[in-house]
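Just below sit the structures, each encoded as structure tokens.
There are two complexes below, and they share chain A, which is joined by chain B in the first and by chain C in the second.
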Partner chain A sequence: MGFLKLEKITKRFSGSLAVDHLDLEVEEGEFLVLLGPSGCGKTTTLRMIAGLEVQTEGKITLEGKDISDSPPERRDMAMVFQNLALYPHMTVFDNIAFYLQNIRTPKETIEQKVRQAARQVGIEEFLTRYPNQLSGGQRQRVALARALVRCPKVFLLDEPLSSLDAKLRAGMRSELKLLHRNLSQSKERKGTFIYVTHDQVEALTLGTRVAVMNKGNIVQLSTPRDLYNKPRNLFASTFVGSPSMNLIEGSLERENGSAAFIFQGNRIALGEIGVAALKRANRAQMPAILGVRPESVKIASPGMTGALAAQVVTVEPLGQNNLINLQVGDRMLIALVSPDLAIHEGENVNVCFQPQATHLFDPQTEENLLG
Partner chain B sequence: MTLTFEQRHHRNTTAFAYRILLPSLAFVLIFIGYPLVYSIWISFQDFKYGVPTGNVIWFRNFLDILTSSTVAPQFYNSLLVTLKFTVVAVAAVVIISLGIALIINERFRGNDLLKLALLLPYAIPGPVNAVMWNWIYDPTFGVLNGLLYQVGFIKEYFTITGNPDLALWGIAFAYIWKFVPYSTFLFVAGLSTIPQSVYEAAQMDCAGTWRIFRKVTLPLLMPVLQMVLVIQTIFALLMHFGLVFVLTRGGPGNATSTLAWLIYNESFTFTQFGRGAAMAIMLSLIMIVFIYLYLVVLNPEKRSARTQGA
Partner chain C sequence: MLANTISGRRWRKQLLTLVATALILIYILAPICWAIVSSFQKESALEDRPPHFFPTAEIFTLSHYKFIFTGQIDKEATTMIQAQYTMSGTYILPGIVNSIVIALAVTAINLLFGLPAGHAFARYQFWGSSQVFMGFLVTRLLPAISIVIPMYILLQQFDLLDTKRALVGIYSAITLPFTIWILKAYFQNIPVEYEEAARMDGCGYLRTMWRVVIPLARPGIIAAAIFAFMAAYDEFVFATVLTSSLNSKTQTVIIAGLAQGLSASRGLIAAAAVVCFLPPVLLAILFRKQVVQGLTTRFA
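The block that comes next holds the complex of A and B.
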């Protein structure tokens, strides 16, 4: 197993460490997203896979063969660049055909393959145009077709949608997903995608698996669903999700058979989750950080037990939801609630959250207390 | 007549633009326009020292240059010498400077130092350069002879500027040495506009080094190449004059009598101003033909597609 395998990959740029002993296995046909803030080493990792950058240490294997030393042209991978890097002096046709021309493919085969690739991304009518005569979205498609025409072992995409405006980006995102689904079901060669982005929406929507990266290493590698619902540590929990997860510092304490989270005199009953966390840490009481996603913060009816007293600071209508900034003690909490809920600025409300919707982190190690 | 606000505004700004342009326009007209027109006018006259001016003979000068038994052989010789020099000098300057530019464009240690060193030949004034090469080529004390002798390349000192077969190439070498840096920097500027990712894309597309150069670098550099060719051709047709003046004075025989030298000689040595002006106009026509060829041959209408990025 392990179609593409990165073992202990390290990259140093004149002293600074870009990628630090990174291990990664990519399965054939999957859509793996490398997600992280700028400078986390995700693009460097992708470029090392492509062979455009040589790793300082470590080994890369593709289908069991060591390709650590192979130049880019021997790796049979195609790349879509962040700035697209189309050849401005060539027509769309030649842009797509350049690889086939370079490996001396017969003319008729080129013609047929280029047309097929162009059809796949819907740019057939632009084949005679030059890149500067196309819109941003069309250029994006040319860059994709240039990769598609090769049927490569691996597709490498470096923030390919970042140059598009928001509306177009959403459209292209769905198309990419569809494209991958079609390719991954093909019989001869399954389309394997590695996709770099800093946009968590792209990561969650596109990826079959998402690797969250920080400071040159992978922080969490899981399905988008697990990434959102079971963040392994503080970094993953706050980087994924928008608006980001509410974090409250306090302590976790056992109380007659159950457990509760205490902060600033407030008490939040956590039930089994709290007990499990304490048991796992083998302690009766410990400092902890409680995390809860904005959509899990519920506005409760007044006087409900276990609810926190809060004051509404601002209400920001987002159309589909209202984003509420709440003050609890000296902490700010963000809640996403239905716009039908009549809440006004300055109002005093009660908030509560479901124990199963909460996450507990160790303030020291920043790891999830429940693993 | 009443004008709308917009028309008034337009009229005011246009008038202002002319007022601002006036000094430079006046300069161009007085120091370039007038001499140009006047030299064309002279070329139509039998204008020489000791003869009253105003004797208009129309195309007689041109006809003499092309057909008379006294001037025509000199002119055709100069034409040939000039063409030989221009073709060799332009080709050498373009190829060498493009090569150096490609090297400089790579990132390596000492890159900046190399750029600085490259500027030196261009920073030397033309006459100083000519005198310097005169010393280098000197048949008795010259450093070139000394060097070749010590290396064992030659058995005895020889002359370059005095040898009809070598003189033109001696001048060409000195010329190339001085003018390579200028085009090198134009090429470097051109290369720097090609994004690194385009090269990387070509690399991923399995294009080898030579194919990347032929199919990516060169086409993208075409607008700069064109400009370099135009500038270098104009330079090569004129700017060798100082070297000829100092090193050979058109000799030996008329081996280095280029058109520029012939025009100078005709006008200021033999004071045949009318004929000299006619020759100068023919030289300008040659220049225009060269430039036209570059623009047509090297310029399929795709130019806009090339220069604007994707």
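The block that comes next holds the complex of A and C.
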């Protein structure tokens, strides 16, 4: 029984379908990330959970109770908005205290709770200031404190870090993670987070589970590790990972007990993985798309059997890695290699992939052939 | 050389702006200044040609104001001028009181209905919302003179002629569309997330309005209120037809009453005009900042 459950949720905006029969179960204490490109329906989904948007169809339950028709103020959820929405006419203290004031909490309790929340995010000394007197990072903390002070059933965060610069964002990211860890271990009410982002790094680092969304539905819901290592379909495989996965169209063929991927006269031995994929599809030969993450593309010594001949087009030093653009036949491949490896532009090299590091997709359904 | 031409061009642009501003200021302020200057001059001096632009000791008098505030006619005023002072000169103050009472009531009604209406038009799409909104605005295009006679007959049947209530009702109907329009524009300008945040923070509709929307829209609300107040305070056409006694006569009607006949005292009219425009001028000065903000603010 899920803590928060979305059943067949659909949202239509004057004809266009934003969310399409979406099912989702969130466990208490979880940090669930909704990840997807803009327009995939992730924010709409979050807003329907909050009650700010009413679903066209479907049912939302929280702790077993149907909340589909409850207004936002009755759902006991806190939200951090993308633009933060700190009340500009109130001090930081009042911003944080606003919810407690609204539910008529005694003054001393408010004072104590606000101070505690402010301490948690390190903004105690700014309580008498107004939001426009704070820096971006400080405002971010106020928005968090405003949610924290309530101990809500669910924390909803809509791209909360997008307004910060890269350096601050990384810092706040680790703080958020730490915050969630502390809250999820709390005895009374575990902190349940639902976090919307289009940034895969945030999704992979923060989430206990990540739901990749596309065109109004979830295309994969799994742990960050599985999402990266076992993408269920082409969309998830290319959306997650940077630089994104190399995809090669060709065909998968059985050959004397083993299997190989053939493209443009090149042959890549896939061993068991290929056999398993063919067995699963119950075919001896089929069109397929081979996916390899750039870090799994290895530069091999020349003359190695089973390797592909490639030409180095460009070498882009990224510091900890070098990004190499390779030409194999008329395909471009990207490889991430150690900067110690001496490779020069224009050079002819051999590349190979380890079979375990490859993914196979069906070009028609775009699903992973290994499930 | 290049720097020279640029600064020269900029200088010319500034000069043009300055001249244009000066012309507009003269256009607006000249009649007001002339009213103020005239109000301190003896009636005989106002007959002089060329006119006196700066009152000197011989022509300076406070008798017009004295008459307005106390009803006493100064000895220094000549007999000829005494004849020109009509009793209605002493009705200015009660007229201003009527105008202010009516204008305040109109302002209150404007806010009471304009705030929720403006907010609804700004935030909710409902069936026919844009048509209804356009309908409101279109009523502004109706000339007052075309409905004043039907209105007279209507009020006569309801026995509401010569009452402040009638004027309050009519002025509210006239000013509300504009109020709703300004408030709608202002509300649309406030990011909706503030209201959504308030809902998430446990506020219902009314509390969201009271604690978040109204404080954030304060400049817009003050601007709308002042426009409604001014419109009601200045209105003449309805007031002159629908009022008949000090029970409801407004300052505009009373000043107009002073200006009847060839023998009307121009000094008295000028003084009355000055006294009448003091309240709105005071308001404008007090709330200058909010009015400008209300019409120009854009939220980041």
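The rule is short, and it goes like this: the second predicted complex is superposed on the first by the 371 of 371 C-alpha atoms of A that agree within 3 Å, B and C clash if a C-alpha of one lies under 4 Å from a C-alpha of the other, contacts with A are read in each partner's own complex, and residues count from 1 in each chain.
Heads up, the rule we're going with is that a contact is a pair of C-beta atoms (placed from the backbone, for glycine too) under 8 Å apart; a residue touches a chain by one contact, two chains touch by 3 or more.
Keep in mind it's a predicted model, so treat the numbers as computed, not measured.
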item: Clash or fit, chain B versus chain C on superposed chain A; value: clash
item: Partner chain in contact with A:131 - chain B first, chain C second, else both or neither; value: first
item: Touching partner for A:57 - first (chain B), second (chain C), both, neither; value: neither
item: Comparing the two partners chain B and chain C, which touches a greater set of residues in chain A; value: B
item: First, second, both or neither for A:102, with chain B first and chain C second; value: both
item: Partner chain(s) touched by A:73 [first = chain B, second = chain C, both, neither]; value: both
item: Touched partner set for A:85, first chain B, second chain C, both or neither; value: both
item: First, second, both or neither for A:139, with chain B first and chain C second; value: first
item: Residues of chain A at both interfaces, chain B in one complex, chain C in the other; value: 50, 52, 71-73, 77-79, 81-83, 85, 87-89, 98-99, 102-103, 146
item: Contacting residues of chain A [partner chain B, same complex]; value: 50, 52, 71-73, 77-79, 81-90, 98-99, 102-103, 130-133, 139, 146
item: Partner chain C, residues of chain A touching it in the complex; value: 50-52, 71-73, 77-79, 81-83, 85, 87-89, 98-99, 102-103, 146
item: Chain C to chain A touching residues, read off their complex; value: 191, 193-194, 196-204, 207, 211-212, 215-216
item: Chain A contact footprint on chain B (complex, rising order); value: 195, 197-198, 200-208, 211, 215-216, 219-220, 222, 302, 304-306, 308-310
